[in-house]
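Scrolling down, you'll hit the structures one after another.
Both complexes below contain chain A, partnered by chain B and then by chain C.
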Partner chain A sequence: MTAKTKAGIKKNVVGYLYIMPVLLGILIFTVLPVLYALISSFFKTPLKPFSLTEWGEFVGFENYIQNFTTFAYRYYFLRSLKVTFIYAAINIPLTMVLGFALALLLNKKMRGMKFFRTLYYLPVLIPAVCGGMVWNRMTNVHQGILNGMLSRIGLPTLSWFSKAETSMASFIFVGLFQLGGNMILWLAQLKNVPASLYESARLDGAGKLRQVFAVTIPVCSPMILYNVIISVIGVMQTYAQVVTLTGGAGEAYSLLFYVMNIYRYNVTEFGYACALSFILFLIIAALTAVVMKTSKWVYYGEEA
Partner chain B sequence: MEQTQVLNVVLKKKISGKSVAGKIGVYILLIALAVFFIFPTFVMIMISILPDNEIPLQVLFSPSGTIYLGAYVEIFTGSSSDFMRYLFNSLLIGGITAVGVPFMAALCAYGFAKMEFKGKEIMFGIVLSTMMIPSVVTLIPLQTIFMRLGWDNTTFPMWVPGLFGGGAVNIFLIRQFMRGIPNDMVNAAKIDGANSFLIFIRFMVPLCFPIMIYVAVNSFIGSWSDFITPMTYLGSADNPAATLALGIYEKYGPNNTRIYANVSMAAGVLMTFPLAVLFFVFQRSLIEGVAVTGLKG
Partner chain C sequence: MKKLMMPLVAIVLAAAMLIGFTGCNFSVKPTNPDGGKVDADNVVGAEVNLTVGTLVRSDEQDLMQTWINAFQKKHNTETDKKISIKITEKYDGMPDIITMDNRGSLPDILWTAGDQHSNYSAAGYFQDLNNDEKFPGNKEFFSDFYEALIDSTHYSAEDKGIWFVPRDYNRIVTYINKSALDAIGVDMPSADWTWDDLVELCKQVSRYVKAPIEWHTWPPLYTTMLTNFGGAYFDNNGKNTLNSAATRECYNYINFLFNGDEDVTPKVKPYAIKGEGGLFKGYKEETMGASSPITFDVRPALPDYARTANNGRWELAVLPFPNFQQGEDKTPGFTGAGCSGYGISKACTDSKELEWAWKFLQFCMSEEGYEVVGGLGNVCPALKSLANKGSWRDYKVGNVQVDPDAFIATNTNDIFLNYYNSVKPGIHSDIQDEVAVFWSKADNSSFSAAIEHYDKIIADILKK
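Let's turn to the complex of A and B:
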C-alpha cells in the first residue's frame, strides 16, 4: 500500500469520526424507531418494551383499514383530522398576514422600534405549560379575568373553551399572542429587500401599497414558501398548546387535534397508534408536496 | 415665481404636519399592540401576588392594596410540594443540554465544514432530511426503546438523544458559520503539526463561540419548556425524573382545580423567570437566530 492511499483512508476515517455522533443519533433515534413503528403498525399490540422477537399478533393492514371502516376509530380519526385541518387552514395564513403587517409597522424608521420588537417577541418565550395555565385561568367562564372585564364594561361574557362553537375561535385568538415569532422572520426578510428596488418602483409611480405587492412580497417569496412548509409540519402536530390549556378537556369541545388522538391509543393499542402516526406522516408529506408543486409564484431572483 | 415658492412652503408644512400626526398615530398603535402582547404575562404576575380571598373578585390589582407572597412560599415550602425536585431535574437536563448540544453539534459541523471524505455531501443531505420527519413518528416508538433500556424513571430520555449530534438545525447553523472561517488558518496550524482535533478545540471553538452561545441558549430554552417529551416518557409528575413542565402542568395546571389561581400563576412566573433573564441577556443573538433559522423554538 502506498503512502498516498494510506493517507486517503486516514482522511476518510477521521472525517467519519467527526460526524459519527450524528450518524449514530440518526440510526438510533430516527431510523430504528421509524422502522420499529412501521413494523408495529401491522401488529395488534399494547405498548411494551422494544423487542425484535415479540411483535404481537400480525394483522396485516387491519390497523390502517379499521381507521376508515370501524365506526369508533373512524369517528375520532375524522374528527381529529377535521379539527387539525381547520386550525391549519385558518392559523397559517392568518399568522403570516398579521406577522407581515406587524413587521411592516416595526420596519418604519422611528425611534424605539427595537424596544417594541422585544416586547412583541416576549410572549413567544413563555413555555406552553405556563401560557396554557394563564389562558386557562383567564378564560374561565365564571371566575376568569376576561369575562370579568367584559361584564364590567357592560359587554356580554364569552363562553371561550366551555362550548364547542367558541373553542376553536378562542384557540386561534390565544395563538395570536405568538405572532412575534413570525414578525421576526418577516423583519429579517424586509431588511434583505434592496432599497434600489423600492426606488425604481417609486419612480415608476408605485404607491406604498403597490410597492408592497410588487417588490416586497416577490422578493420575500422564497422565505414565504419555506415558512409555509415549516408551519404545515409544525401546525399539523399541534399538541402541547391544547393540552396545557384545556388539560385535555378540549377534546370534547372540538379541540381534538390529530396528535391528541394518537395519544388516546399509544399505550393500549400501540400498533394502531403507530399506524395513525404514519398516516399523519403521509398527510404532511402530501401537503408539503402540494405546496412545493404550486410554488411557481416563488421568485428566486435573476439568474446570474 | 414667488407664488409657487409660497405654495411650496405651505405644502411642505402640510406634509410635515401630516407626518407628525402620522408618527403619533403609529406610536399609539405600537403602544396598543404592546399592551395586547404583554397582557397575559402581566395577568400572570399580578394574580400571583393576590391574596387567596381576593381571587374570586376577578381583579388584577388587590382592592385592599396587599402584595401577598404566600403563593410563592407555598410552592417552595408546602408540605406536598415537589417543586424543588422538578426544578433540580429541569436544571440538570437544561445544563447538560446547554453544554453538550453546542459542543456535539460543533464537532459534527466541523467534520462537514472542514474535512474531506467520501460521501460527505450525501451524509449531509441525510442529516438535513431528518428535519422533515415529524417528531410524532419517532416519539411514540422511542418509548419502547427507552423502556427496554430501563430509562422509565430517569432523566435520560430528555437529554441523551440531544448529545448525538445536537440536531440537524444546529449542525447546519454551525457549519455555515465555520465555512466562513478561512482555510488558510486551519492549514497554517496543520503545518505546525497540530492534528485536526487540536485545531477544532484551539481555533474552531473560540471562533464559533457566538453561534455556539446561540445554540446553547436556544437548547436550554427548548429543553426547559419541552412538555411532550417528559409527558410521553415519564407519564406523571410522581415520576422521580419529572421536570418543571410536567410537574407544573400536573400539580398546578388546568386539571388541578383545588389549587388557587395565585399559586398556579406563581408557579408559571417561577418557570418563566429564568427564560426572561436569558432572553434579556442574549436578546440580540436569539432574535437574529430566529431570523436565520426560521424556527421559533
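Let's turn to the complex of A and C:
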C-alpha cells in the first residue's frame, strides 16, 4: 500500500465509520443471503434447516434445468408466470391511466382538494397484510359486506375469490384501492409542468385534450418510465396481498403468482425454490432491459 | 358550476355511505363467550424444564395449557418442584418446525398433524416412541389407541415407528341444524342412517335452501367418498391407481352434488355448495334459504358450532357420517378418521427431560388427562376405553348438547387418511397438494381433463 493510499484511508476514516452500519447491514442482510441462496440453488435440499456446512446433495444446474424439462415443475412455473404476466399486463396500464386521471382531477385548484388527495392516498399507507385481511372479510362470499350490499340493493352477489373465473378480476379490483401511490407520483410531476408550455399550446390553438397529449404526457414521460419499471418489479413479486386475501393461491391455484410458486417449495425443496428466485431475477432484469431499451420516447428536456 | 360541485359531491358520498351501511350488521355477537385464555401456572426453579410447541390458535393453546397446569400440579409441591413445562412456540403449520430448528428454538414436545408428520418424522425431527428402551411401557400405552390413529403415526407403509402420540379421534361426522329441519317440516334422520337417507333428505330440503350441504373442500372428505366408491390413490406398491372407473364414478357423483342434474324434469337442484362452515353457522330463521342445514366436519369444530347455535338459539345435532353401504349385500361403508397429536422432538436429548416428556405425553393422553380437558369440548379421546365414558361426553354450551355417540360410531369402518403411505415420505406433501387440486376441479372440470393432468404430475412426483 502506498503512502498516498494510506493517507487517503486515514483522511476518510470517519466517513468509512459513518457508512459502516449501512454497509454491514447490506452485507449481512442482503449480500450474504443472496450468496447463500445462490449456492443452495445448486443443491438438492429436502427439509433443510439453515446450515453453512451441510448443503445437501450437489446437483449442478439440475434445479434450473428441471424447471423447464419436468412437467410437474414446468406446469406450475408456466402457470405462475402466466398469472403474473396477465396481472401485470392489466394492472400496470390500468393503474397508470386511472392514477393519471385521478391526478388530473385532484390537480385542480378547488377548496377541500387536500382532503381528497389525503383520502385517496390513505389506503397506500395501510400495510398490504392488513389491507388484505380487511378485503378478505369484505369479499367473503357468504358474510362479506360487499355481497351484503349487492344483495340488499337487489343485485346478484359475486363469487370474488372463491371461484377461479372471478378471482383475477377481483384481485385487480381490490388492487385499484392502492391507486393513490400512482396518483401521488403523477401529481408531483404535474406540478413540474411549466405553465408556459400550456400557454404556448393554447396560443397555438390546442384544446384541453391536445394539451394533455402534447404537453403533460411528454413532460411526465421520465416519471412514466420510472413508474413502469418499479411497477414491473413490484408486480413480479406479488405475494403478501394474495396470501392475506385468499389464504393461499386462491381456488385451484387461480392466483398462483410467481413468488407464491417459490413458496410452494421453500420447505421440501429449498434448492429448487432458490433456483426459481434466480430465474425470477433474470426475468425482471430482462424486462427492465427491454423497457430501458425501448425508452426513446422519454423526454428529458431540451438540455438532455 | 363550482358552487354546484361541492353539494353534488357531498350528496354522492352520502349516498355511497348509506348503500355501504345496508350491508352492515352492527349487532356484533361474541363468537367465543366461554372460550378465553387458560392462564399458565408458572413454576420457578423446577428440577426439569420442558418446552412445548403448539398451534397458535387459542383453543389449541388452551388445551395444552390445561394439561400442563394439571400435570405440574400433580407432580409439584410447594417445597419439591420437579417439573416445569412452558409453551414456548406457537405456530401456524408444520413448515414452521424448520424455522424453529433454524432459530435453535425447537421445543421438546411438538404438535403435529397426523397426516403431515411423515416428511418430518422421516427426516428425524421426531423421536420414535416405539423404542422400548427410551420410552418404557410404550406397547401397553399404545395398545388402547384406535388402530386407524396408530396407522397414521408411521411415516410409510413399511415403517414401524410411532412418531407421535395421537391426541384425538377425529371421525368425520354430520353436523345438522335441527331447527332448520323442524322449520321445513322434515324429520331428523336416525343415527343408523345411510347415504340414501341423506340424498332423500337433501331432496326434501333443497326446495327451501340454496344447497342442503355445505361441503368443505377438504381432502379427508374426498378420500372418504373415494373409498366408498371403491377407488384408491395408490396400491401397496406405490403405483398411482386413481385413474379408475371407481374414481370416475365418484368424481362425477361429486360433480352432480355441486351442480344438480339439468337433464331430468323437474331439474334436480344441487345438494352441496362449497364452504368453510359459514353457511351452516350463518343460519337465521328469517333468512333460512341462504344457509345450509348440513355440513360434514370433525369433533374439534364442535365448540364453535355449539357456541354459534347457542348464540343464535337454534338446535344443533350431530350424526355419524352416513353409511355409504357397499354392494348388494349392503355391507358397511367407510369413514375417514384422522388425528393430530404430540411428538417428542430431536431437541429433547437429556435423559431426565426425555423421561419427563414421555411421562407428560402419557398423562395427556390417559383417562386422567382426557378428564382434565373434557370440558373444553374439542377433543374426542384417542383411547378406545374412553369411547363410552368420561367428561368429553358431557360437553354442553348453554342449552346445546349433542349426542357423543356420533363421534365414536361404528356404523362404518374407519379408514386412516395417510393414503400416500406406500410412496416415499419426501413427496407426501406434493401428493397431498395434487390430490387437493384434483378434487377442487370436481365441480367444474371434466374427469378426463382432471385425471390426465393429475396422472402427468404424479408420474413426475413419483420420480423425485
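Here is the rule we use: the second predicted complex is superposed on the first by the 283 of 304 C-alpha atoms of A that agree within 3 Å, B and C clash if a C-alpha of one lies under 4 Å from a C-alpha of the other, contacts with A are read in each partner's own complex, and residues count from 1 in each chain.
Everything that follows uses one rule, which is that a contact is a pair of C-beta atoms (placed from the backbone, for glycine too) under 8 Å apart; a residue touches a chain by one contact, two chains touch by 3 or more.
Worth saying up front: this structure is predicted, and the values here are computed from it rather than measured.
Look at A:T166: by the touch rule set out above, it reaches neither chain B nor chain C. Ranking chain B and chain C by residues of chain A touched puts B first. When the shared chain is aligned, chain B and chain C each come close enough to touch A:Q143. Of the two partner chains placed by the overlay, chain B and chain C both lie in contact with A:M110.
Of the two partner chains placed around the shared chain by superposition, chain B is the only one that A:F278 touches, whereas chain C remains out of contact. Of the two partner chains placed around the shared chain by superposition, neither chain B nor chain C is touched by A:S295.
Residue contacts after overlaying the shared chain place A:S221 against neither chain B nor chain C.
Of the two partner chains, chain C is the only one touched by A:T70; chain B is not. When the two complexes are overlaid on their common chain A, residue A:P49 makes contact with chain B and with chain C alike. Once the two complexes are overlaid on the shared chain, A:Q211 sits clear of chain B and of chain C alike. Once both structures are placed on chain A, chain A residues 47-50, 110, 112, 143, 145, 147-149, 266 are touched by chain B and, in the other complex, by chain C. By the touch rule above, chain C contacts chain A in their complex via residues 2, 5-6, 19-20, 22-25, 95, 98, 101-102, 119-120, 123, 125, 274-275, 278-279, 282, 290, 426, 429-430, 433, 437, 440-441, 444, 453, 456-457, 459-461.
By the touch criterion stated above, chain A contacts chain C in their complex at residues 46-50, 70-73, 75, 110-112, 140, 142-143, 145-150, 152-153, 162, 164, 251-253, 264, 266-268.
Residues 23, 26-27, 29-30, 33-34, 36-38, 40-41, 43-44, 47, 55-56, 58-60, 104, 107-108, 110-112, 115-118, 120, 123, 126-127, 130, 132-138, 140-145, 147-148, 161, 163-166, 168, 171, 196, 221, 224-225, 227-228, 231-232, 244-245, 248-249, 252-255, 261, 264-265, 267-269, 271-272, 275-276, 279, 283, 287-288, 290-292, 294-297 of chain B are the ones that touch chain A when the two sit in their complex.
If you check the complex, the residues on chain A that touch chain B are 11-12, 14-19, 21-26, 28-30, 32-34, 36-37, 40, 47-51, 102, 105-106, 108, 110, 112, 116-138, 143-145, 147-149, 177-182, 184-185, 187-188, 223, 226-227, 230, 233, 236-237, 239-240, 243-249, 259, 262, 266, 270, 273-274, 277-278, 280-281, 284, 288.
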